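Per-chain residue numbering starts at 1, and chain names A, B, C and D are given in the order in which the chains are listed.
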Amino acid sequence: MLGPQVWSSVRQGLSRSLSRNVGGWASGEGKKVDIAGIYPPVTTPFTATAEENLHKLGTFSLPRCWSTVSLAGFVVQGSNGEFPFLTSSERLEVVSRVRQAMPKNRLLLAGSGCESTQATVEMTVSMAQVGADAAMVVTPCYYRGRMSSAALIHHYTKVADLSPIPVVLYSVPANTGLDLPVDAVVTLSQHPNIVGMKDSGGDVTRIGLIVHKTRKQDFQVLAGSAGFLMASYALGAVGGVCALANVLGAQVCQLERLCCTGQWEDAQKLQHRLIEPNAAVTQRFGIPGLKKIMDWFGYYGGPCRAPLQELSPAEEEALRMDFTSNGWL
Amino acid sequence: MLGPQVWSSVRQGLSRSLSRNVGGWASGEGKKVDIAGIYPPVTTPFTATAEENLHKLGTFSLPRCWSTVSLAGFVVQGSNGEFPFLTSSERLEVVSRVRQAMPKNRLLLAGSGCESTQATVEMTVSMAQVGADAAMVVTPCYYRGRMSSAALIHHYTKVADLSPIPVVLYSVPANTGLDLPVDAVVTLSQHPNIVGMKDSGGDVTRIGLIVHKTRKQDFQVLAGSAGFLMASYALGAVGGVCALANVLGAQVCQLERLCCTGQWEDAQKLQHRLIEPNAAVTQRFGIPGLKKIMDWFGYYGGPCRAPLQELSPAEEEALRMDFTSNGWL
Amino acid sequence: MLGPQVWSSVRQGLSRSLSRNVGGWASGEGKKVDIAGIYPPVTTPFTATAEENLHKLGTFSLPRCWSTVSLAGFVVQGSNGEFPFLTSSERLEVVSRVRQAMPKNRLLLAGSGCESTQATVEMTVSMAQVGADAAMVVTPCYYRGRMSSAALIHHYTKVADLSPIPVVLYSVPANTGLDLPVDAVVTLSQHPNIVGMKDSGGDVTRIGLIVHKTRKQDFQVLAGSAGFLMASYALGAVGGVCALANVLGAQVCQLERLCCTGQWEDAQKLQHRLIEPNAAVTQRFGIPGLKKIMDWFGYYGGPCRAPLQELSPAEEEALRMDFTSNGWL
Amino acid sequence: MLGPQVWSSVRQGLSRSLSRNVGGWASGEGKKVDIAGIYPPVTTPFTATAEENLHKLGTFSLPRCWSTVSLAGFVVQGSNGEFPFLTSSERLEVVSRVRQAMPKNRLLLAGSGCESTQATVEMTVSMAQVGADAAMVVTPCYYRGRMSSAALIHHYTKVADLSPIPVVLYSVPANTGLDLPVDAVVTLSQHPNIVGMKDSGGDVTRIGLIVHKTRKQDFQVLAGSAGFLMASYALGAVGGVCALANVLGAQVCQLERLCCTGQWEDAQKLQHRLIEPNAAVTQRFGIPGLKKIMDWFGYYGGPCRAPLQELSPAEEEALRMDFTSNGWL
């Protein structure tokens, strides 16, 4: 077991310095990127207008403090980025802006999933061009009744074949109504340009099974939420994409450190205090909750695009309670 | 109760001659369109290419026979139109082509739903410009956890306010994981530019309740599938959008006629024989099943865009059996 | 199509005079019972005690008015009878008491389902001995993950083989989390001692398919709730077991008459007004709601056994509104 | 963090020597029992008969080896004990027999849940009389639509008030379709005679939240399955009731030891190898799978009561593979 200090430098060495120079699998280099660590899924800032469904893309400035905590990087255009509400050009612009605003030695994982295979390929290529280090590709879902393992394997294989950057699978059943089946993940883990998976379903038995069955591949699993981050580390995940890290970034990184250095008792205490705040900014109040708490913490949350609605006063009160009762506000 | 002959001319008079001259609610005329009757949701023809996720939009020619059966019109860009796989310009092109190919005195209902309110408004306006008579707007669903009645009422009100053509609500939980709540439907039925709803959920108790609670509005409900078409007529629906009508158009229209003229015993016998074929081209085998059976019936089905996959030989066999065992092949 | 007057006598002739003299399939007569018509699922009366989980079986007197409306009979120990809360001897005593209280020329369908096949057989035999005309057997459900079609076919076949009275299948997914699969129903419909099915799931497409695929058997389908009674008749069901008939018995029988005589427009109007009251006494407020409304209508509803709780004042208010807004209170 | 040797004696001291001398909360002693550790949920042995739904209770002899591994005790009449298939007297007889067969210094947790509060109270009292150390009470579920937090709190409070032995809450949504809500658990944790909970749902975020919110009570959480045992320990659970421990008892206890002594890397490797075998004897193949593997491992599994069916040859093959591919057969 590594001690805390050792671990820290190891992690820096492993996942930071590999950095952005990925080059791309297609170009023959065959390098894989190390995606271990904590990523906030960045929200998209909109400037409020009188007509709320016309909100324009706002100024994009990642809060300074983020550079001081040991984040592995940023996820842009994940579910928390309101990507389904953006045009294709807005999606690329957001990636481009975050690339410029963020430290050079951190990873930018860009959500490039679309419903069709072709559109996903095109979006992935474009995102690579504007600076994404890896593409995080959500499962297509509108025709979920026909999204068999075979169909999903076909989809991801095409995307990975044609992507100049590594691909990260992304399963988020709360949004898609679809779990990427374990057998499909195992098959896809053998593709040289598929480096890992973000699993937001919260079933850590499943996460453990995926780690177990892909152990001969160089395949990395990220927990999709801070609520089951510690349990995911226990089962073999290497990091997490955590909405909560947008406001409690230092704390989520602290939880990572405690898990990676084997300080499980302290990890448990910290994990416990993060469950309710995490639920508040994900399944309970969604992006409107996350943006509201960002406002309260001194970041820019701002409005959501319609049809997402602002929280009601009662919801705001409950949101506040989920943070205060755990000592975070 | 109307006799069959009388009914026929009545229906022609009511829903056909109103036809396309809707003018638009926004323009101040305040006319409502009568959407009663049967609509096939048109599939989108693609030309097969070696690279199946690059399939181009194919030649669009509505089969001749469709003009001889008493269809009320066509739904373009419904779930069966693979709309999530098309670009915005392709979506408009498909509407434009069907408009040109179809009889002038039939209605074109165009699916214009997008995830954001703003994009839905823009798509709706554009579809009106290329010839849609009414817009059929699916519920946004990616953030279904936040799609409360309030959010959905807000969304549809904005769209209806700004749409130059009447709006038809569209609830299809098999695809969206979301039922448009009855209370939201009742509220929205009072909007002067919302004329009705397509409900594909299959819960006819719900359909009956919606008809009952909107009876003081001029609000029309269409069944979203041929499997529960007769039951929907019994409860007060005025028509249906039926994938099965792409191949058994005459039979679905015959079922409509039997229901509208009170010939319930014959209607029941016909309805029974349509349940399995209908399930085959919807929940069981989806669009790949529908396109395959279109090929078999002499229409152009053709390939689907990826990630939708072709049927396996075993699935094809089961599809065939669902039609032959009911006497349709 | 039959006229109203004709129908009335026909129905009396068909389903009433067959009456109780069923004799039993096992005894070699091979007669089948006609189960067409409307049945209230009788609630179990308890006398309130200070200790609410000790409520004793109360006096059992079927309201007089029930003899004046054309009910086909009574269901005893259905889901509304709180059967899971009764001991085996209480279950038999309830059947015995209702048998004595009810008119001789109506059918008594007794719920005899238990989790094990053996217990179900024993309960079915006992219920026949205390006067049940047919046994209504709910699907076992605690091990629903293993309740395949094969397991369920095996279960019902054993029960039907050994039952001295005809068996009615009973599928109620709201309570059991399990739909009796259509293929199992079709297989079981061929058993000479299985006469029909009560389907409470509310999917009338499924009901239509079952009627269609068992049309060569003498197999009868009953709707399990008044909310989809008319639609079920349209699809070929022959009656219903309707909680609502405990208070609006005349109205539910009127709906039956309108459907059976082809008066679909009037049927629709009546059906519409029954949907909300029906939902109130079933999925919305359950047995506590049903018993409360029975109290209000002058019958004896009384308390439920724990853990079922009384309605809150707000729930009572909503219950009342569901009846008043439709003109029933 | 405790070393392995220390831990071993500590655990023995903590949970073993408290042993059976619980005395009962009602008797005024107010002692609580320590339920930490691993429990196999004992299957009920039946002797095969020609008529499989008549299987009699078989000879009950706990395999010798169980006394050599450090099990905390045994769960009798859990879901794996086929309790819904037993008569009340059989349920008591099984508890009595296991009590006699098992070591005196281990705990016997008896499943005493019934649908009604009254029956549950009576069964709990009777089980205490035949030697149960604590009662494990499953949520009532047939009327799940009315099983609000208030109803469940009422139910468990009554049972705990009247039980002479400590009560363990039991939530198993795969069987009941119902999750005992977190707020109800938190309220119930304050009852002096409710000592803990078995949670079989597999949502470890929920388990963590329960541990967190009951930290001021003396309340213990057991994982309901070996698949998420390690993750549950990480979140603060103190043990598990694991079907898999019926055949891999030593391995599950080894996993417990690794977790309790902070050897997380080894724990992870072992946990990984237990996920598939565990799934095989629970959600995948259920009790028939568990009994079959018990036969293969040299214990007595024997037949299940109907309607549970034996595994098909293909299922047996898959079951075997789940064990062999992980090195257990």
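FYI, contacts are C-beta pairs under 8 Å (C-beta built on N, C-alpha and C of every residue); 3 or more make two chains touch, one makes a residue touch a chain.
Since this is a predicted model, take the numbers as computed values, not measurements.
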| item | value |
| --- | --- |
| Intersection of contact partners for chain C and chain D | none |
| For chain A paired with chain D, centre-to-centre distance based on mean C-alpha positions, whole Å | 36 |
| Euclidean distance of C-alpha centroids - chain B vs chain D, Å | 51 |
| Residue numbers of chain D (touch at least two other chains) | none |
| Chain contact graph, described as a line, ring, star, complete graph or other shape | ring |
| Chain B-facing residues of chain A, complex | 53-54, 79, 84-85, 87, 115-119, 121, 140, 142-148, 150-152, 154-155, 158, 174-177, 283, 285-288, 305-309 |
| Residue ranges of chain D touching chain A (in the complex, touch as defined) | 1, 202-205, 208-209, 211-212, 215, 227-228, 230-231, 234-236, 262, 264-265, 267-268, 271-273, 275-276, 279 |
